[in-house]
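Quick one: the structure is below, questions incoming.
Chain nomenclature is as follows: A, B, C and D, assigned in order of appearance, with residue numbering initiated at 1 for each chain independently.
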Amino acid sequence: MTSFSSIAARLEEQAIELPSWAFGNSGTRFKVFGTPGTPRTPEEKIADAAQVNKYTALSPTVALHIPWDKVDDYTALRTFANDHGVDLGTVNSNTFQDDDYKFGSLTHVDPTIRQKAIDHHFECIDVMDQTGSRDLKIWLADGSNYPGQADIRGRQDRLADSLQKIYDCLGDEQRMVLEYKFFEPAFYHMDVPDWGTSYAQVAALGERALVCLDTGHHAPGTNIEFIVMQLLRLGKLGSFDFNSRFYADDDLIVGAADPFQLFRILYEVVRGGGYGADSGVAFMLDQCHNVEDKVPGQMRSVLNVQEMTARALLVDSDALTAAQDAGDVLGANGILMDAFYTDVRADLAAWRESRGLPADPMAAYAASGYQQKIAEERVGGVQAGWGA
Amino acid sequence: MTSFSSIAARLEEQAIELPSWAFGNSGTRFKVFGTPGTPRTPEEKIADAAQVNKYTALSPTVALHIPWDKVDDYTALRTFANDHGVDLGTVNSNTFQDDDYKFGSLTHVDPTIRQKAIDHHFECIDVMDQTGSRDLKIWLADGSNYPGQADIRGRQDRLADSLQKIYDCLGDEQRMVLEYKFFEPAFYHMDVPDWGTSYAQVAALGERALVCLDTGHHAPGTNIEFIVMQLLRLGKLGSFDFNSRFYADDDLIVGAADPFQLFRILYEVVRGGGYGADSGVAFMLDQCHNVEDKVPGQMRSVLNVQEMTARALLVDSDALTAAQDAGDVLGANGILMDAFYTDVRADLAAWRESRGLPADPMAAYAASGYQQKIAEERVGGVQAGWGA
Amino acid sequence: MTSFSSIAARLEEQAIELPSWAFGNSGTRFKVFGTPGTPRTPEEKIADAAQVNKYTALSPTVALHIPWDKVDDYTALRTFANDHGVDLGTVNSNTFQDDDYKFGSLTHVDPTIRQKAIDHHFECIDVMDQTGSRDLKIWLADGSNYPGQADIRGRQDRLADSLQKIYDCLGDEQRMVLEYKFFEPAFYHMDVPDWGTSYAQVAALGERALVCLDTGHHAPGTNIEFIVMQLLRLGKLGSFDFNSRFYADDDLIVGAADPFQLFRILYEVVRGGGYGADSGVAFMLDQCHNVEDKVPGQMRSVLNVQEMTARALLVDSDALTAAQDAGDVLGANGILMDAFYTDVRADLAAWRESRGLPADPMAAYAASGYQQKIAEERVGGVQAGWGA
Amino acid sequence: MTSFSSIAARLEEQAIELPSWAFGNSGTRFKVFGTPGTPRTPEEKIADAAQVNKYTALSPTVALHIPWDKVDDYTALRTFANDHGVDLGTVNSNTFQDDDYKFGSLTHVDPTIRQKAIDHHFECIDVMDQTGSRDLKIWLADGSNYPGQADIRGRQDRLADSLQKIYDCLGDEQRMVLEYKFFEPAFYHMDVPDWGTSYAQVAALGERALVCLDTGHHAPGTNIEFIVMQLLRLGKLGSFDFNSRFYADDDLIVGAADPFQLFRILYEVVRGGGYGADSGVAFMLDQCHNVEDKVPGQMRSVLNVQEMTARALLVDSDALTAAQDAGDVLGANGILMDAFYTDVRADLAAWRESRGLPADPMAAYAASGYQQKIAEERVGGVQAGWGA
């Protein structure tokens, strides 16, 4: 197997964007439990996100959600972020929390509401111009709950038209990534339910339109690493939303439900050229810490991605190819499993220390007193986002 | 096939309880859309529920949810209901919207919180004593999101203990029904995830403890009519929560997603002795009308159940048995399908008119002006329940 | 709602191809149960298929499977078919029953085996030239059972290369349809697991390469009518393999498991321009009659498709569009359901009689004595296919 | 975390029964690929199974399948096994490969066929008396493919009656374990589809009737370790059939698809008292090595179970309980994951060597030349079982 020292340099390339909204309270339709210290402003979210990067050096950017993270002065927000050691990243649009969007946004049958949704994306592009963000991420809640409720073909055509208008407005260095989701919040049909639909839509737009793969947005049993491979092969994998799930879009900590699946996904990322700064593939988390603390929840997540990336890098590709070519089923599987079963934690701790980071970021954060501090200081105010 | 006239009398026996909370706004974790005319008090919910019964004569009772439907004087509430032509039915407890229950209620590791949850059920039994309700329905959100988070065995033992304490407090004419759910709001384990667990728990309590089957609370592909058959066979089917789903616990209108499945379920209910006043099986709806109007949504639902019940009653049992015994696969299937494919709507319309009901309840309600009236009158106030 | 008389003419356009192999014995890995009268030759299969068409006028063509239906003289076979009132249709290749294909066929790492599989398709095209068939259908069992066993990216590239070679060999009036399948016989990855992959592969080939949609080849919960809509929109829906399932690729009689789903699929076919001789969409059955008789099993299937097509044609499109545009969720759903709940069986029986067909094809076939005749005559010999 | 040395002694207790049929060829309904060296007799299967035990000391017994392993002299067979260092174990009945069982065996509507199936179990008990086996394992293929085909309630009652007759025939030291399966080979309903049904049936029989849990026989997303916990709690977990799956009953090598799930299952086994000779829980494999070599496939499997058992034993239970009681979600999860992520392979290799076993059993077997030897010697003959 490949040695840890030989992959150490490649680990330097890893960057996992954090979503600002992960630091706010989230929950289910049944209940959102509150947590002391929840951020009340975009700045407080960025400050929390910066903590994750401070102890791990894995998350140099923070994604924004508009309008949850709307501010008067984005230049100031960016300066604030930079002062905390991070930068602003992907801008996420939101067309699912306005009453007008009850029956759709970019796909709505009413041109007025469609235009409102398109205009919102123009606003997001304005924000991107100010924040220096590269990616505009679009996730649509659009869909229907009952057969017959909607003309699913008409909606697809209107979606193409709306996306074209937004795409045409992007700057030359800007990209659009279109996320797909199997179901929820719509329960009969989603307008972008699968990678095939997202791919067909972005392929019609141009080379700066790409697919966003959220690891929790598939039907039960779906082989996600196959989709990763296929999108990389087609040159259309734009970004990841990482999380994990046992059932539906559970939005658990990435790697928590099925660490082996995360390993397989990262293995396909690495060998398909999707890893590293030049790859054009953005790594991001998108999780809901319903019952666990937010900052350590995010920290655990980036560490999980790092640990599995290290294992994926450890795979002895030459030996694997030889076994595959020889039809040695057990041998080839064994070579892959060797890397997965290797405990990289001690090596990673040493690697962290060599870079001036704490060996155990979770412990270091816990010892820092930050959690207690925000719990005391952040009293009053209302969370921005997730129902705000 | 059996003739409609021969089953008309049996249709008189049908009664489908409506949940008070179906008339309030519901939604997903992403957004709850508001509707003009949403009830602000238990009385307004009961008034809305009474509309469904007025036009269909199918829903003589309304289930309460405590504390959503908490009032000072339950006798007065019952009188109010009776004045509107309905009665109060099942009392549903709620242990999922209090911060104390973040890590469980009847299964919580902390005896203080367990006792609080048990006391809440004692309070529900007090309400039942005043409303004359027979059934206490328990649905638990208890579970965990991450492997290791909870001692799943300890929780099961504590559940047994808590249920025993509640069961012991029931009056001689009162029953407990324990609902199970595959997942949500917990995403790793639910303390009562399947019928087997609910059955094992209630079997340990005694004969007045029964299982509640919610049609949306199963794993993908589960044969629900088999469970209906089995629970009737074991004498443990206490009640139904009807709804439908394409994906998870979508809580759509019953029969909307898979009318044939509803037919098969009702067929097993009928032939297993679960139909009619003497059966001891309570029929109830439990749906979320996220995008459709509430009163007509409930009306559509009880009519769907009635239409499929009529079809189920139409099955020619003798011919079916003969074909089954002969190993005539296509013949037996054809006899069942004959009943399913029969369009009973005209016969049901005539049957309704013969009882002084409108032939088309949906149209009659729409023409009544009730919806406009409540939209105008019910301004201000806050919905009780679902996040209240 | 639209009247039956107004759709009667459109029903004339319906043609559903039968697979020759449906008349042979099939089963599961556990057991294949034998049936008296099972065909021993391609001619006997065609004779059986012709029975279905004789009583229903719905199945004018029979699909062949090579090598299961290999004969010395395809012109003679076609004449035989014509003499029985049917024609030969789609040619299906088979690269899953030869020991060489244990680790793949068109995707195999060994160029010799890949070429063998490509050559087999050339042979199929030769057969098509003789039978006058339009479509070459490719379903690949290629995949792997264990992570690491195969280079899934390399296989995708080799697949593209192999398909190109086959496509280049097609005549100007011939088409290729590429089927996808979620899983089985491979249990970790399939090389063509979803519509997105099939679409991406055929889009790279040219306009006479299209997708084949088998209704049983999806993940649990997949909205199949959405895929139908999308492929029609993209101009890439080539053909259907109809069957039904409760769990996996159960290959039950089409419409048996979820008739409402079949209705929804056919509704999207009709309104997306996929219905009728000019549509370019081929309808075919692909089922396994493991426990029921084969000829009546196929007959039941084409009748199910016809009944649901009639219902789909009955949908009042104008009213539906109006309700959809008005955001009338219950109204729009109700308009669709009106058509689904309409019992078209008596109208179809009358329509059949008006065309000189038996009102009840199943009964007419049963009374014909054909089944008894073949059971007596066809003694000895070995079934060709499914293990042959 | 617990140290390896402190758990070494407990690893001695591990015993995983091998199924004789795992050494024969298996496949899918599409194709069974042959392998050189496939056993032609029960003795050859036992000899192969003994190889697994020789290199791992993990599999001291071999399960038989009647009639696949029918011999004239079971005492001689047992002696043969003993001479090869193993003993005979569980006897598995087979009521799915006889034409009479097309529509059921123990549940069949025809009393003659039911009695034939019951008699077959009496024969199995006779075999057990001769082999000294403790457990009679019953897996039923009984079910139906189409709604209406069968009276699912009548079948359940007949099942109870048939099982009672078999149970009554067991010796005082003998047990019955009843396996359940979600679907396949029946595609509408299975007579024993879930743990609840198996539990209800065996609970009615007596204390020596128990449930067999096959890890591949559940609906998608089912939390299997919960069922393990529940059955142990109810005193009804009799045995395991280990394998793994990505989709359905794929019967892959245990631990191959989701090693973390295997770890969680074994953790619940250990802490629920299901581990070790005195537990009364039998561990067995039940897999199909469709594309990989059989002997190393079984060896890989028992090693996977051992590795995950070691990890499960390593969990620091005290620390875990403390974190759980404190509501420390991330802490508790982290303690569990610590054990899972620990690479026990070097410790296990050393432990093996200390017992006179090869450090790397897979390599030792490969070097032994056994595979080549059987490939050369075993020419001709027909495999017994899986279609024989």
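Here, contacts are C-beta pairs under 8 Å (C-beta built on N, C-alpha and C of every residue); 3 or more make two chains touch, one makes a residue touch a chain.
No experiment lies behind these values; they were computed from the predicted model shown.
Trainee: So which of A-D, C-D or A-B is the twin of B-C, meaning more than half of its contact pairs are the same residue numbers?
Mentor: Equivalent contacts to B-C are found in A-D.
Trainee: Any chance you could check whether A-C or A-D wins on number of contacting C-beta pairs?
Mentor: When the contacts at A-C and A-D are counted, A-C has more.
Trainee: Centroid of subunit C to centroid of subunit D, CA atoms only: how many Å?
Mentor: A distance of 38 Å separates the two centres.
Trainee: Taking the mean of the C-alpha atoms as each chain's centre, how many Å separate subunit A from subunit D?
Mentor: Chain centres of subunit A and subunit D, defined by C-alpha means, are spaced 40 Å apart.
Trainee: Tell me, which residues of subunit D touch at least two other chains?
Mentor: In subunit D, residues 102-103, 145-147, 149, 182-183, 188, 220-221, 223, 246-247, 256, 260, 291-292, 329-330, 333-334 touch at least two other chains, as defined above.
Trainee: Just say which it is for the chain contacts: an open line, a closed ring, a star, complete, or other.
Mentor: If you draw each chain as a dot and join those that touch, every dot ends up joined to every other.
Trainee: With touch defined as at the start, can you tell me which subunit C residues reach subunit D in the complex?
Mentor: Of all residues in subunit C, those touching subunit D are 26-34, 96-97, 99, 102-103, 141, 144-147, 149, 182-185, 187-188, 220, 245-248, 250, 252-253, 256-257, 290-292, 386-387.
Trainee: Tell me, which parts of subunit D touch subunit A in their complex?
Mentor: 220-221, 223, 246-247, 256, 258-261, 291-293, 296-297, 300, 307, 329-330, 333-334, 340-343, 345, 362
Trainee: Looking at the complex, which residues from subunit B come into contact with subunit D?
Mentor: Against subunit D, the touching part of subunit B is residues 102-103, 109, 145-153, 156-157, 182-183, 188-189, 193-197, 199-200, 218-223, 225-227, 229-230, 232-234, 260, 264, 268, 271-272, 320-321, 323-325, 327, 329-330, 332-337.
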